[in-house]
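Across the two complexes that follow, subunit A remains constant while its partner is subunit B and subsequently subunit C.
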Partner chain A sequence: MVELAELSAGPKQRGRRGARLRDSAITLGMMGPAVLLYTVMTVVPVGVAVYLSLTDWDGFSTAAFTGLDNYKHLFDDPSSTDAWYVTGLIAVAGTVCMVGLGLVYALALKGRSRTNSFFRAVAYFPHVISALILGYLWAAILGTNGAVNNTLAKFGIEPLGFLFDEKFALISLIAVIVWAGFGFNVVLFVAALQTVPAELLEAAAIDGASKRQINLRIVIPMIAPVVTVATVLNLVGLIRAYDIVVSLTGGGPAGSTQTFTYLILARSFEGTNVGYATAQAVFLMVVSAVLALLVTALRNRQDQAAAGQ
Partner chain B sequence: MKSMWRRTCGLAVAPLVMASAVACGNGSDQASEGTTLRVIVNITPNLTEKYWNDLFDTYEKSHPGVTVKLELTGTISADAKLRQDLAAGDPPDVAQQITPTADTASLFADLSDQPWTAKTPLADQYAVDGKRYVVGVGEQIQSLVFYNKAAFEKAGIDAAGIRTMDQFTAAMGRLKGAGYKPLQAAGQWVTGSQFSMMADAGVLTADPEWTAKRKDGKVSFARSDYLPYLEHYKSWIDKGYLDKSALGLTYADGQTAFLNGKSAMYIMGSFFVPAADAAKKSDEIGVFTMPTDGVYPSGQFGNISNPYVVVNKSRHKAEAIEFVKWATTDPKAIKSQLASDANLREGFTYPMSSLGSSVQQILDKAPSVIVKSGMSQPVAGFSDELNKQIQSLYTGSSPAGAADGLDKWWNSQS
Partner chain C sequence: MVVVLEAEVRERPKSAPTEGDTASRRTERKEPRSPVRWALLGVLFVVMVVPVYLLVVNAFKSQQDILDNPFSIPLSGLTFEHMSAAVSSPQFNVIGGYGFTLILVVVVDVLCILLAGPAAYAIARSLKRRTQLVLLYFLAGTFIPGAAVIIPVIYVLREVGLANTVTGLVAHDVASTLPVSIFLFVGFIRTIPVDIDHAATIDGAGRYRTFWSIIFPLMRPAVVTVLILNSIGIWNDFVSPQILLSPSSGHYTVTTAIYAGISQYSTDLTKVFPNLLLAVAPVVIFFIYMQRHIISGLTVGAVKG
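Moving on to the complex of A and B:
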């Protein structure tokens, strides 16, 4: 039947079908390495991680299936709950500050001038340095024997607890994270601000809108999708905060700056309960994904509501 | 079109071919002329990469055909590096700084049938179910208090008279009065470790089975002799003998502060001696056994130094065992390793500073060396949690709260 259909299709149609098949094969061939790489580097490790999280694997011997025990343990392990509290604080406070500061900075420097370009570069500069190095640099500045406290000591002033007082240490950590990361938001926001039509701003100005009103009612709503992207990126990035924690505070004092990722990498994986450590990592991945989806969905709903008005 | 198709296929297959080539090449470390032994070691300020390579060169000269290759662990522990290598199907031959447990013993070669292992230090204390999997070069002891001789003289204190915790506390008061910071602490891992060096000497001398009992739930931190030690520690913070700002110091910073005479006493292990020697301060520093609330002198909380295990999956097991035998029994290798980290071993001497000799005398007089291995090994992650709880004493926790926190954490891990 197929042969008959093919015969009746004629040489022209057969040729077209052949060309389409060749195109598909070429497309698949082009995609092949990328798909293979993605599968090997992402899909397989995630699959293996999910499997290991359901076992009691100690990293050495054969793993035994334990069902959801590791996930249940996540909620009765005091280290985990404490670390989530710290992580939540850093993620929320850090995101708000990074987005807010980035927005203010971008609005102030949106014009095209050499001075603005210089200050935009200054804001972005920490972002190109490894977070680990930034942490060590700030530890050398804020530590008990650091530059600030050494200077204070010369005037007979007791050392300030930037890194040894539990509340101060968390604030110092968030401040360094914000300083290191807000420049990226500035670049994003400045790029977005340049897409806002000039005639719209001129029209608003002619209608008597103040600068503040223009920014709040026109500019910020117009760059809202970019702000959403920055919020999601910052939030997800800060939930995984690790390198600055390691180099600046080492999770201390008294675990007051111990984030969930620090807990997974510095404590759980260093122990022998790899199954549990993997469950923590999978849980972190799920939380990050849910948060990212949640923020995007909220933004979409707001956009739809605005469009409906 | 045909050539384009060929190129596309080529592009797709090339990474696979390259990966296969790399995979085939990997693991063929047995050179045609001899054997390459891969050894995982920890690099420390005393045991540098150069030190190990020099030591391995000595072995290679006396064992033609064998090459010993140093495996660096990077930022992870030897234990984690071994796990990574095993998971990757690329086992090393020998590993250092790993203490086998009942769960992990099967990964290592049972060396019980090697008669030379019986003569290595603490071999039986580290045995698992009576079998020797780990052999070491010497011993480290850790229940020590180093002190600044000038500070003690100024405060009118005789170090030999400090035997109890109350006397220790009184000495701190006099040192503070003499204008010194009485006791040097630091952040990072140091806070918890110093507490362990202090409290374990008393608690584990009185009851060597304490950790095993804790595992069985028969004792707890909150209702044991650990609580009085937590109370002592907290009282030192409250009286200003311990400085909260020390939590912002690294291990190296704390050590330097003591060596520079900013503080009068420093609880640390015998591995502090090389740092004092290097700073040429050994003659200005004295040492005494950690005071306790019980017997004096107490047992020394200690551990095996330079512990070696042979990995069961090693492709060159016989050669690996031969290498470990050399590292732990050859007099030159032993002396070199002992001296590099100021470790100790009965029957072996090397040129020591006055401080090193004092530590040796303390070990000679110690009634026992308390080792945390086998059933006496705390659950994984305990040292981190202990560190967190001891630091919490500086940030407002009560001794009872810290003890409860330790119990709560321990229970959640079992």
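Moving on to the complex of A and C:
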């Protein structure tokens, strides 16, 4: 840290060693508290996670070092592979629907009018509400006694197990996630659409392009970089899905909606093998990091493309 | 239609040329006539708003009315009984949760600004490569899936003697807000001319004084973004308070109070709807008032962070 402070002295010193040192000390003093807290509360736990993932720690007794056993187990344990299937399906299907709906509604709501900003807010508002609470609300609506099944019952239709039937539960979960999340994409895409120059669209219209052709051939390609970033942001967010699973389905029925994070936390609290659960957490972290790095790489490419234009 | 045009004119800068106005008026006029567009917007409105309607209406009905007619508003059957029971429930108290959560949000916000502000200033104004590595070090934090590594956080808190304390939760929450806050602050400070700092130095201000009295007041847009991002994040957080503060601590946030209450009584809809409405109301009201700031703040935070 001292070394680092010396090197990061402020820009204005004129070779006076004392002044330079004082300036370095101030730089260190300004960054120190944030670096320290972040290191202790965020970086150290990651190190601890990596360490625990190499042990058979059960949460209480002393941990015995077991090497990479937990990681080998990751790929042959059915509950772990099932959770990856569920998580992957949520991430991919959820992202496809969220990006698709986001594009459709962004094209419908791109104009700068009061009506449009009202509808954008209508699409967006679940984003500010806790996913836990949204899950409980939808559980009350889709449950056996919920509004949907009660209405169906009036038409003589047997209640559907939206949340209690293995066939439907995952679809319901994905639908609620999409409901809660696509508004974010709408706002993101509208911001991008508003930067598409109007002259370009007018020129295409004069050349006889239909509205659909303009959208598909000009508008969507022009906002493609933003669509890519949104896709990866959605993917990274959805592979971490947890709160909404807890409140909507509780991982059920019969574990059919258990996501990876849900499995990690559930298993940690059973307290049988925390070491294995942290190995899963480390693995999830690696997958998130790869996806997040992808965002950074794409964004850099996008910035370079913008600079080159 | 008239409303649309008024808004259109109002949102346009005053210096905009008149041709621009007529052109956009022409496209505005075309759009509302499209039946496909209005069908899309109708579906959007129904799908997004009906759950909220059900939440509000059913919070004031009896269990029997909710089951028989979830969509109706029985004027004679409306009751405040369950709502007031939820407000004064001794078992899990959402209103009590407001107080604790609000204090948590304010404390985390203030500490985050106090730590992230000077750190971002030092990073933004340094020309050394090594200081830029500090920024990357913070950015790496955005890759960490918080919920999945919460168990090791307990382990660390136990080591430093803060397990199951509010201080421990605050320390964890502040640390989790630092990466994005510092990143947004650094980006913003770099747009402020360094000459301002030099002028302050010539007038005899030290670096802390320069930051807090000169630079920080100029950072208002970035500070608003960070405050909105962090406040909504902490208010809605469920995993950290649930796991870092066990029920024995006696402290509940809105989300953990809801979890404690609803998971127990999920079939009693007269408990579910009033409690959920109480939990959602402050956020929705805040959203309606601060809509523009919130939408742009959260979007910028997510994309740049």
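Odds and ends about this structure:
Note that in this section the second predicted complex is superposed on the first by the 244 of 309 C-alpha atoms of A that agree within 3 Å, B and C clash if a C-alpha of one lies under 4 Å from a C-alpha of the other, contacts with A are read in each partner's own complex, and residues count from 1 in each chain.
The rule is short, and it goes like this: contacts are C-beta pairs under 8 Å (C-beta built on N, C-alpha and C of every residue); 3 or more make two chains touch, one makes a residue touch a chain.
What you are looking at is a predicted structure, and each value in this text was computed from that prediction instead of being measured.
In the superposition on chain A, contact is made by A:145 with both subunit B and subunit C. In the superposed pair of complexes, A:165 makes contact with subunit B only, with no contact to subunit C. With both structures placed on the common chain, the touch criterion links A:60 to subunit B but leaves subunit C unconnected. For subunit A, the partner that touches more of its residues is C, with subunit B and subunit C as the two candidates.
Of the two partner chains placed by superposition, subunit B and subunit C are both touched by A:30. In the superposition on chain A, no contact is made by A:212 with either subunit B or subunit C.
By the touch criterion defined above, A:274 lies against subunit B and subunit C together after alignment on the C-alpha atoms of chain A. Looking at the shared chain after the overlay, A:114 reaches subunit C, while subunit B stays out of its contact range.
In the three-chain superposition model, subunit A touches both subunit B and subunit C at residues 26, 29-30, 33, 37, 143, 145-146, 268, 274.
Within the complex formed with subunit A, the subunit B residues making contact are 1, 4-5, 8-9, 11-12, 15-16, 76-77, 79-80, 83, 86-87, 103-104, 106-107, 187-188, 244-250, 253, 380-381, 384-385, 387-389, 391-392, 394-395, 397, 405, 408-409, 412-413.
Across the complex, subunit C is touched by residues 3-4, 7-12, 23, 26-27, 29-31, 33-35, 37-38, 40-46, 48-49, 52, 104-105, 108-109, 111-115, 117, 119-133, 136-141, 143, 145-147, 150-151, 179, 183-184, 187-188, 191, 198, 229, 233, 239-240, 242-243, 246-247, 260-261, 264-265, 268, 274, 277-278, 280-281, 284-285, 288-289, 292-293 of subunit A. Residues 22, 25-26, 29-30, 32-33, 36-37, 58-61, 73, 76-79, 143-146, 149, 158-159, 161-166, 250, 252-256, 258, 266-274 of subunit A are the ones that touch subunit B when the two sit in their complex.
Per the touch definition, subunit C reaches subunit A in the complex via residues 3-4, 6-8, 11-12, 23-24, 27-28, 31-32, 37, 40-41, 44-45, 47-49, 51, 54-55, 58, 67-71, 115-116, 118-119, 121-123, 125-131, 134, 137-138, 141-145, 147-153, 155-156, 160, 171-172, 174-176, 178-179, 182, 194, 198, 201, 206-208, 211, 232, 235-239, 243, 254-255, 258-259, 262, 266-267, 269, 272-273, 276, 279-280, 283-284, 286-287, 291, 294-295, 298-299, 302-303.
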